[in-house]
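First chain A sits with chain B, and in the next complex the same chain sits with chain C.
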Partner chain A sequence: MIEHRRFGNLLPHLILLAGVAIVAFPVYLAIIASTHDNTVIANGQMPLYPGSHGLETYWNTIVSGTGKTTRQAVGVMMLNSLIMAIGIAVGKIAISIISAYAIVFFSFPFRMTAFWTIFITLMLPVEVRIFPTYKITSDLHMLDSYAGLILPLIASATATLLFRQFFMTVPKELVEASKIDGAGPIRFFWDTLLPLSVTNIAALFVILFIYGWNQYLWPLLITTRDDMQTIVIGIKKIIDVHDALTEWQVAMATAVLAMLPPVAVVVLMQRLFVKGLIETEK
Partner chain B sequence: MANVTLRNVRKAYPNGFEAIKGVDVDVADGQFCVLVGPSGCGKSTLLRMVAGLETISSGEIDIGGRIVNQVEPAERDIAMVFQNYALYPHMSVYNNMAYGLRNRRMPQPEIDTRVQEAARILELGAMLDRKPGQLSGGQRQRVAMGRAIVRQPKVFLFDEPLSNLDAKLRIAMRVEIRKLQRRLNTTSIYVTHDQLEAMTLADILVVMNGGQVEQVGNPLDIYQKPATTFVASFIGAPPMNLMPLSADELKSQLAGDSRINDAGILGIRPEDFVVSNETVAGGIALGLTVEAIERVGAETFIYGTRERDVQGVAANPGELPPGEVLVRIPGAIGPAIGERIRAIAAPDKLHLFTADGRQRVGP
Partner chain C sequence: MENRAIFSGKLLPCLLILPQLAVSLIFFYWPALQALQQSFLVQDAFGLSTEFVWFENYLSLLQTPEYYHAIGVTFVFSALVAFFSLTLGLLLAVMANRNIRGVQIYRTFLIVPYAVAPAVASVLFIFMFQPGLGMIARALQRNGVDWNPVLNGTHAMILVVIVAVWNQISYNFLFFLAGLQAIPKSVIEAAAIDGARPMRRFWTIIFPLLSPTTFFLIIVNITYVFFNTLGIIDTATGGGPNGATQTLVYKVFQDGKVGTDLGGSAAQSVILMVIVVALTAFQFRYVEKKVHY
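The block that comes next holds the complex of A and B.
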């Protein structure tokens, strides 16, 4: 349905532009706000043009932190968030690809039991099992550690299911050809299955990285030390100050900074991501 | 180089289904053995048992003097070409061929020599850097063959390798496979359901049905002297006409034949009929009403019904309906529809089988 009318394209474009404006305006506002002095924002008149304090604000936010509110520099928080998000994404992918491999390609007693057990955990996200999980994490002395941030979130029924569905489409002759070519189970996994799964892994990585980056409740519970804070919690703490003026420019700068890594991941992996979601040819 | 011997090989599944019910086959060194049969007859299962991809319930499989029942596929010194080629989609043509050799820790110069040699034989030289996805069906087929050749195995196993190709390419590849096998002189086992492919490729033909071997032998011997009605109707296209010998005129025509006492079914190949008004001593003459005619240029197929309404044998799919007889005559000239004709067959063209069709009567 391709039509070329002189003004026919105008209306769709207007609608699209309106949509973009609605989505992008708050982001624009956050960026603008982060470039102004706190007094400008605090008097209630939010300007729509960039201010002159941008570099100064970001420098303070990332490197030194500010004395009154965040005792921790956002740079450290970003590092924590990054380690957690990458740890969760990589860990989830590693564990689920191995369990899917076992479930699809090997026959062992209670194979289907194992599969359904994994499946059932779909119904048990962190929020539901938060107390037992906290107890175990604390008993293992993993509070305030990267392991404590990452490990309890690592098991993933969704990713296992996704890999299982993909593995089941791999022709069984490919497995047999590998056997005849002298490749054992581990070789087959590394040489054939993993390269074939690259696009799926990339798509999952994008989704899981953002999932990990956006974690709020779990890091809030198990981190008490300031140097273990993640950026999502950092934002909350900056806004939530008592007996002082909220440093809006810092809060906005932190929000902008918190947006950057997920955006970067999506932009960098966009091609693989789309391929992974739509590709059917093996 | 090696011979392959199957001794009373059986395959039973845990649910009690017997896929292979005791098969004995002996393939001599350098021979091309074709397993042929309808789908579900167990031919692929048997091949996969030789490859080591299926376990053997009982019996022995011997490759080159070594019993391989418990040997892993990779250690059986075989190479297999799959129906869907099973090429590694992420590897280049070169790596597809080299992969098995690398896994065997062969030195790189040797691998390179072998792959280049195979590429030369199969005319794949210009495509070594491509991925299987960029190749045509025939080229993929050749890569799959190349992957088998570079291994220089004792035995090639082919599992319906041509069934994914179009008709023209299939014939071309069939000839190529045969030439290649002659040249390399490697013992081969080839599975197909196409009787033409089976006839043209085989040194030794194994006709299978329902998990059992119906007949083993030279393709022409099998064509000329089918051991059962199943073989008679499966080998040869169009299939042999099979008519029951009840108390009717057929029986009286054969009254002088010594085989008649044991026989219950008469078989005549469509191409062994002659349309004529003469009579042949000891032969058969059928009065037919022409129902349909197919002219393909070089030959003409006449579908006729016999005068009397006789119950025929249609035990297998693809056979003619009871009472209908197919006559194949050379040339494009033939009778018209509705015409009455007489089809005669000489005594040496008659095949007689016992009433259950399981045994051939006489020579």
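The block that comes next holds the complex of A and C.
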């Protein structure tokens, strides 16, 4: 720092600690609540340290209902969320990397028309065209299916733009060199371009996985069967019983389970996450 | 876009671009056009006949007080969330940008809310703010605040604002931090040599140099409030009480779910699309220009 401070860095530490406390407290409270008995929670007497019902609650939540409700096992919901998140991430990356490849490395009729057709989809999130999209998905008999959960959400231009930008920085010489070596376009894509794109793909995967896992409105609309629910909508049904019947310990355990995969991805792959976040938005 | 076509062949690139075009046309253009078409039609109660009515759906929409109420709610909600989450994000980023120990650890904690789904974040806060059992709700009640977001519209709004701000802090923090790190040290040192104290340096140098980031984040935050808070509202308040937390997007969702007024609902969607396109265009303009003062 520029000038010497008498109290050193006390103030920044205090402010950052306060920030961390605000950010972490709700999560901490959910973890604690998931280890207590529902009667303790419902009385409002829950202590701030873990209780002894954790294993039992998580077992009940993940594997089976508690008998009181006909609730779907949360393990099934997590599996649905996982399939949806990975499907969206992989699908989006796959279709956009090849379309960006076509746009940057080829010249073909209507190339710019195709580019703009894709580019404009950047502007409209699924929320604004939700009911017409629902109707079309229903006409295509995709309600209550993984295809219906995944396909409408992979229509977006962000990934295409990112790959396009990256491909345009690939030096011409590299392409010429592989041409001299006798490589065709498909060979060049597999052997040269794809290995160069690994970091970008990984960064994008992190962002898209979180995006897919955290989807709310779309799965809420198109899933009617309980066994197709994702965990993010399943949790609402658990607390929807708006009175004393809410099993708070189950709700909190579900919240913890719903946070776990995306938080783990962000924390463990922090560098990729920050890269992905900043590059997809710019 | 420069012309750097390098491989020859017409069929291969068409095949490569086909999947994305197909998905965009089926799930993007087709529904968007249907919404547009629907918004000019009126269907009778039994869905037997439809009539082309020009802008009648839009006009009747603009004559309902609820619609203006939803506009007001959206405006208040966006302004509050953008203000608080940007201020907090900037404060934390400025602190983390100092040369202090443990920045990595602070950062790791501060990015967690980004990974939490809005609906799940909502559940975490409902648990703290539930009258009767929530820790904060009880503390408020002990201190004489009759806290009840189920009945009190202001309380419901406060609740959803808190959840949205919490959910959005990480994003603003990361972008402000990246923006701060891009400011050359030499500029700040020069100001320090001229005798500018830290606060003065912040307001006269750092803050103006951050303006591209700030503008970008304001737009992103408004877009976030418009679209991504649907999960928060649906879980925490259901738009209530009495429409106190019913934003424009949530209104489209609720009206569409009931499904009696397809034309009106489509008209609402079209207006939203126009708003998003305007916001995006605005953002591109500013991000391109890299505003400085």
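One rule holds in what follows: the second predicted complex is superposed on the first by the 253 of 282 C-alpha atoms of A that agree within 3 Å, B and C clash if a C-alpha of one lies under 4 Å from a C-alpha of the other, contacts with A are read in each partner's own complex, and residues count from 1 in each chain.
Heads up, the rule we're going with is that a residue touches a chain if its C-beta (ideal position, glycine included) is under 8 Å from a C-beta of that chain, and two chains touch if they have at least 3 such contacts.
Only a predicted model underlies this, so the values are computations on that prediction, with no experimental measurement involved.
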Let's test your reading of the overlay: on chain A, do chain B and chain C clash or fit side by side?
fit
Quick check on the superposed pair: does A:174 touch chain B, chain C, both, or neither? Answer first, second, both or neither.
first
Quick check for you: in the superposed arrangement, does A:127 touch first (chain B), second (chain C), both or neither?
second
Between chain B and chain C, whom does A:32 touch in the aligned arrangement: first, second, both, or neither?
neither
Between chain B (first) and chain C (second), which does A:42 come into contact with in this model arrangement: first, second, both, or neither?
second
Dominant toucher of chain A (residue count), chain B or chain C:
C
In the overlay of the two complexes, what angle sits at the CA centre of chain A between those of chain B and chain C, given in steps of 10 degrees?
90
If you stack the two complexes on chain A, which partner ends up touching A:191: first (chain B), second (chain C), both, or neither?
first
How far apart, in Å, are the nearest Cα atoms of chain B and chain C after the overlay?
8
With the touch criterion stated at the top, can you tell me which chain A residues are shared between the chain B interface and the chain C interface?
281-282
Touch list for chain B against partner chain A, complex
51-53, 72-74, 78-80, 82-84, 86-90, 99-100, 103-104, 133, 147
Given the complex with chain C, which residues does chain A contribute to the contact?
1-3, 9, 11-13, 15-16, 19-20, 22-24, 26-27, 29-30, 33, 41-44, 46, 94-96, 98-99, 101-109, 111-112, 114-115, 117-118, 121-125, 127-133, 135-137, 140, 151-152, 154-155, 160, 168, 172, 175, 184-186, 188, 210, 213-217, 220, 232-233, 235-236, 239, 248, 251-252, 255, 258-259, 262-263, 265-267, 270, 273-274, 277-278, 281-282
Considering the complex alone, what residue numbers of chain A touch chain B?
171, 173-174, 176-177, 179-183, 187, 191-192, 195-196, 281-282
Enumerate the contact residues on chain C facing chain A in the complex.
1-10, 12-14, 16-17, 19-21, 23-32, 34-35, 38, 88, 91-92, 95-96, 98-102, 106-121, 123-128, 132-135, 138, 166, 169-171, 174-175, 178, 188-189, 192, 198, 216, 220, 223, 226-227, 230-231, 234-235, 249, 252-253, 256, 265-266, 269, 272-273, 276-277, 280, 287
